[in-house]
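After this come two complexes, each holding chain A, first together with chain B and then together with chain C.
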Partner chain A sequence: MAVQQYSQGIAGVPAGRLRIRRYVLQRYLVAYLFILPVLLLYLVFVLRPTLQTFWLAFYEWNGISIDREWVGLANFHRLFGDPIFWQALQHSLIWTAVVVTFNLVVGLIAAALLAGSIRGRLLFQLGYFLPVVQASIVTAMIWLWIYAPTGVLNTGLDTFGLEFLARGWLGDFTAVLPALAIASSWMTFGLSVVILLAGLQGIDPTLYDAARVDGAGQGRMFLDITIPSLRNTITIVILLALVDAFKVFDIIWATTEGGPIRATEVLSTYLFKEGFQKNQYGYGSAIAVALSLIILVGSVLNLTIRERGDD
Partner chain B sequence: MVNDGHSLSFAFGTDGMSRRVLLQRGAALGLGASALSGVLGSRAVSAQDEPVELTIWLNGEPGTVNAVTEILDEYMQEHPNVTITTTFVGSSLFNPTLVPALNAGEGPDVWMGGSGPGQPAAIIEAGHALDLTPYFCELGWGEIIPEGIVNYTSSDGKLWAVGDAVETTVMFYNKDIFAENGLEVPATWSELMTACDTLAQAGFAIPIGLGGSDKYPISWWQSMLWGRYAGPEGIDNVMFGDGRWDEEPFVQATAKLKELNDAGCFGPNPLAEIQNDIEARFWRSEIPMVHVGPWIIEPGIQALGEEISKFSVFQVPPPVDGTPIYPTEDIGTGWYINAKYEHPDVAADLLNFMFFRDESRQKLLESGSSVPVGELNLEGLELPTLVEEIFALSNQDRDNGTIHAFLDTVTPARMTDVTYDGLQALLAGQMSPEDFTAAVQASWEEAKAANEQLQPGGVTCG
Partner chain C sequence: MTDFVSPARAMTIGGARRARGHWLVYIPLIILFLFAVAPLFLTWFTAFKTDQQQLANQYGLPLPPTLDNLREAWTVGRFSIYFKNSVVISIADVIGMVIISSLAGYAFARLRFPGQKLLLYTLLIGLTIPVAAIIIPLYLTMRDVRLLNTYGSVIVADIALAAPIFVFIMRAFFKDLPSELDDAARVDGANEFQIFWQIMLPLARPGLMTVALLEFLWSWNDLLLPLVFLVSDELRTLPVGMLFFQGRFTTDYGLMSAGVLIISLPVTVLFLVFQRDFVKGLASGALKG
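== the complex of A and B ==
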């Protein structure tokens, strides 16, 4: 009876559609089983803390006591009127601009050079990628020494007669932010090189052959073939660099802790200070929410621009 | 007990009378230590029979080996059933790591932490710290810990932490560099300024080292100068009375700090300098002077050995001629026991062993890195010369009273934030002394409105 009912359909659902659903379920079951552990980890260690942070932003809490006071939108209201928040946001935007530009421009140049037939290409690739796998705190220490008043950079400038450029890099209000942004870019651009190189190697070489036949030079080929072909790859590079730049913390904290006089204060260092040092977890969470929304907007914009380009 | 603001007493000297007093006290301490272990012994007997695990969090870099870790090893040798696991956590990550751990019930059984307002007070209010008053009262800790230290580690009549050390700040200098440039130890402010100028002309880009990038070293100068101008009573008047940080003495003191900087004493760009690097360069004789505490002596000895004899110390001269010198002092850190720890008597016994046992106190002292609280028996000790000199300096002016070495540790976090940024702005010429003190006062008023300021302490026994 049940079999007969099944073959005839159940509750008005045609038997054919049931077979399709069963087929789909069976086909993707294994895939879901593979995804499930990671999904669970994501839910527990990423999504849940994220949602808790959003929720905490509506409270005033010192991070220690059992009692938390509901304050509604007060933390966000405070955020909008907080000059340090806007200053940190400005710095975050400048930082992101430097990091994304460095990753894209220098990364593309390096990838283009590596795409050609050069000796020791693997060595160069390794060299570019090594900072990516290095602990960020190690990178911070290295650049601390480089930028020290008697460090490698100033010594090198003196040696080459450019002592007028030498300065206390980490104590110079105008130079410190770009200086650290470049240090951070050095740490991440190796990944961009690898991604762009893969993209370059995926471009159909016959396009270049055809362009040469038509008399196109290197510059023309780069602009009309390479760049358009790399559009999706460039989007990924920009997206990764953008998210990484907005989240920066280690290298700034290890070198200047947001100083001097907040010249390198970015959103992540500010939320760390407010939340963990001043025990204002609610306000720190509000800053974190703002940072998350900014990253989300930036990412969506990036993808939207790419998609419009496709159209 | 009343906090009189300058009762941090580690009174010892080099004259015969003091040594006799010290010997008597040392003997009393020795007897006291026996009595302590006797009393605790009866409580800890059952604990000694069963294995006990104890985790400790210490401030510092992983892998550190120092007098404290050696004392912990000694305790384990004497108490084979106790296993102590030590975790070193870097200073800027210590508090952010400790709070979640305590909240999750995964915190250490014993930890060293600050003792001022802000997070330490919140940790105590949340019930994470064990009330140590019974041990204080029954074991006679009050005989050793000075009243001033007790006041900063207690509230509501209860003791929450054992203050481990008294720290001070003095000017370390290179005797050879001074001699080569015909300089004597400056006795007046103008002589200090002259010394700066002479050293700068001799080619030392940084006459007085200052790690301005780290911010807190500037606050050591601020704490010392503010105390010198306002005096202990003036500081207490603001901390516990109706005084204000923007009053004339504090403005003048801040102006004096600016004067040092504008004269180039701290070099061309102190905000680009890291304190660790400054101290290392001082020991390498690249920087003639540095205003810092005795904690740099141990690494100096490790790096230089006997060569450290070419360094000495002096008190920064009075910024105003004829005014007294007040030695700077503040508690080092407080040692807390987790209120949820299953073997509090064992933890208290450990603290007793570390800070009230004569041999441990002597070991800490001989290491040069720590000056234990209370009276100290110097008989037979081989102290680093620099440590002896620092003791002598403090004793010679002790009768004037003492001032805070680190105001940033006893004032609210939001005020520290404003102070650090303001001090950097001051040195950068972006803020005047008047604006700086006004900003500090404004943040102080906000903190007081939120009840974040340090409350006077004191322990009630019985």
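== the complex of A and C ==
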């Protein structure tokens, strides 16, 4: 009954034509109303600031005075000649290397073992994931305590007669960056385990059966089947760590603020200081532009690989 | 994503099947388990220790436990105020995000309109923008619209910045619902909003749950936005309060641990109750952006 009324209503010619157009326009309008709130917020508080970052990077401005001075590429010129910028980039790469190594090695071992038949699998998984949901300030406070001169790590080393290794971890120029990257890994490796485990469970078991028939051992199968099959998953874990490494701010800010003497300075802490402590909005924005471009490349790679993996 | 809880296929590193794992495989798993949970548990224990107990044994159990640290953090340390602020901001974030992400996700999944692809890709760019990279102009924007130093600044920015990922999550949920549902309702003369509200939204409840949980987690844990936007101590959230608190009481581990406990307990309880949603949500969120 209802079906009939409906089809008669839109089948009428030619008066129905107008009605169809009105109907279609009305549906468009409704659709736009559905997305309007997101769109407005996104335009004002995400897209506009993003474009503004690129625009501010061409000015010299303290954020308060009415005059902004157009300086062209001067901020970028300064950026490329700025040793702190290159140092910060280097720090992000070291950070990435530590987090990637940790998350891949530990993640692969844990995922491979969990994929077997294990008692208490749920408990292990819950434990590994518990740090993932913690606030980065919580991670920072916990590791501040672990790394303190008389903290958990040093007293632990003492107990095992390894006191020669003990040091003020966060005051040590060479140790501080990897130390904080380990703290960051603590907070992220649970996610890598889940992603790698999903990858492992996606491998066709008949591949192993075939290899076993051919007389391949465990190690051979791991190298020739498991690792190649996980290629996409591993790439994703690496790119995630890369993007995370360039985004990191909280853990460093809450523990060392980029110190001691810039030993843990990264792009985000550097731009925070230039922008909000020195009121160098133009130069801070130039750093932000570099940061955005690096992360954009990483994210696009990530998405491309993910799309390819879905085919 | 894999089912988090279900027993996985029996497989070891090389893929051999075994009835039960050899006891040796438990050693790395247990070491890693301790690495993951011991730092957190030790800190929680410390929150219940007196200074003497802490000095005597850093790894010891808090026997007998004291509530002095928690009481002091809550009152003198002003964590009661920070807690209230965090609750207000996080709840507002969750409500706002559930509403706007489900509306937009529905439109992108099930309605047709000109510019749909373009708008979707524009949102996709948002997934890649790091907050730190736009914090300077965002601060200036908040100043211009006179939201600085209000709850509103953090709420609005939290929602705007995380909206793209949640729109994509909700879009995926609505896409999976059978198309006969809305066709039938449309034939019966229901308007688009009725279809959305009465038919689709109740079916997308698992998606809404994911949105609510993740948005709560992220806003509860966020440091940078409240640090930049909220100047007065009266408005500070727990992470920002903790940051300044740490500067003043840096060597009082009992007090600091009490602060950590206050921040981490709510999300830990939520996680234990809704583990599946958190794991799936965070894994897919990470893979998307």
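Everything below uses one rule, namely that the second predicted complex is superposed on the first by the 245 of 311 C-alpha atoms of A that agree within 3 Å, B and C clash if a C-alpha of one lies under 4 Å from a C-alpha of the other, contacts with A are read in each partner's own complex, and residues count from 1 in each chain.
Note that a contact is a pair of C-beta atoms (placed from the backbone, for glycine too) under 8 Å apart; a residue touches a chain by one contact, two chains touch by 3 or more.
The structure presented is a predicted model; accordingly, all values stated were derived computationally and were not measured.
In the superposition on chain A, A:Ile261 contacts chain B only, with no contact to chain C. Of the two partner chains placed by the overlay, only chain B lies in contact with A:Lys278; chain C stays clear of it.
In the superposition on chain A, contact of A:Leu165 is made with neither chain B nor chain C.
By the touch criterion defined above, A:Pro149 lies against chain B but remains apart from chain C after alignment on the C-alpha atoms of chain A. By the touch criterion defined above, A:Gly63 reaches both chain B and chain C. Of the two partner chains placed by the overlay, only chain B lies in contact with A:Phe173; chain C stays clear of it. Contacts of A:Leu73 after superposition: neither chain B nor chain C is touched. When the two complexes are overlaid, the chain among chain B and chain C that reaches more residues of chain A is C. Of the two partner chains placed by superposition, A:Leu301 touches none, neither chain B nor chain C.
Once the two complexes are laid over each other on the shared chain, residue contacts for A:Leu25 go to neither chain B nor chain C. In the three-chain superposition model, chain A touches both chain B and chain C at residues 63, 144, 253, 272, 276. Contact residues on chain C toward chain A in their complex (touch as defined above): 1-2, 4-5, 7-16, 18-21, 25-26, 28-29, 32-33, 35-37, 39-40, 42-43, 46, 58-59, 99-101, 103-104, 106-108, 111-114, 116, 119, 122-123, 125-141, 156-157, 159-161, 163-164, 167, 187-189, 191-193, 196, 217, 220-221, 223-224, 228, 238-239, 242-243, 246, 253, 256-257, 259-260, 263-264, 267-268, 270-272, 275, 278-279, 282-283, 286-289. Contact residues of chain B toward chain A in the complex are 92, 95-96, 99-100, 102-103, 118-119, 122-123, 125-126, 128, 212-215, 267-274, 277, 413-414, 417, 420-421, 424-425, 428, 430. Here chain A touches chain C in the complex through residues 2-3, 6, 27-28, 30-32, 34-35, 37-39, 41-42, 44-50, 52-53, 56, 63, 106, 109-110, 112-119, 121-138, 141-146, 152, 155, 186, 189-191, 194-195, 197-198, 200-203, 205, 207-208, 211-212, 217-222, 225-226, 236, 240, 246-247, 249-250, 253-254, 267-268, 271-272, 275-276, 281, 284-285, 288-289, 291-292, 295-296, 299-300, 302-303, 306, going by the rule given at the top. The touching residues of chain A, counted against chain B in their complex, run 62-66, 144, 147-149, 167-173, 253, 255-257, 259-262, 272-273, 276-279.
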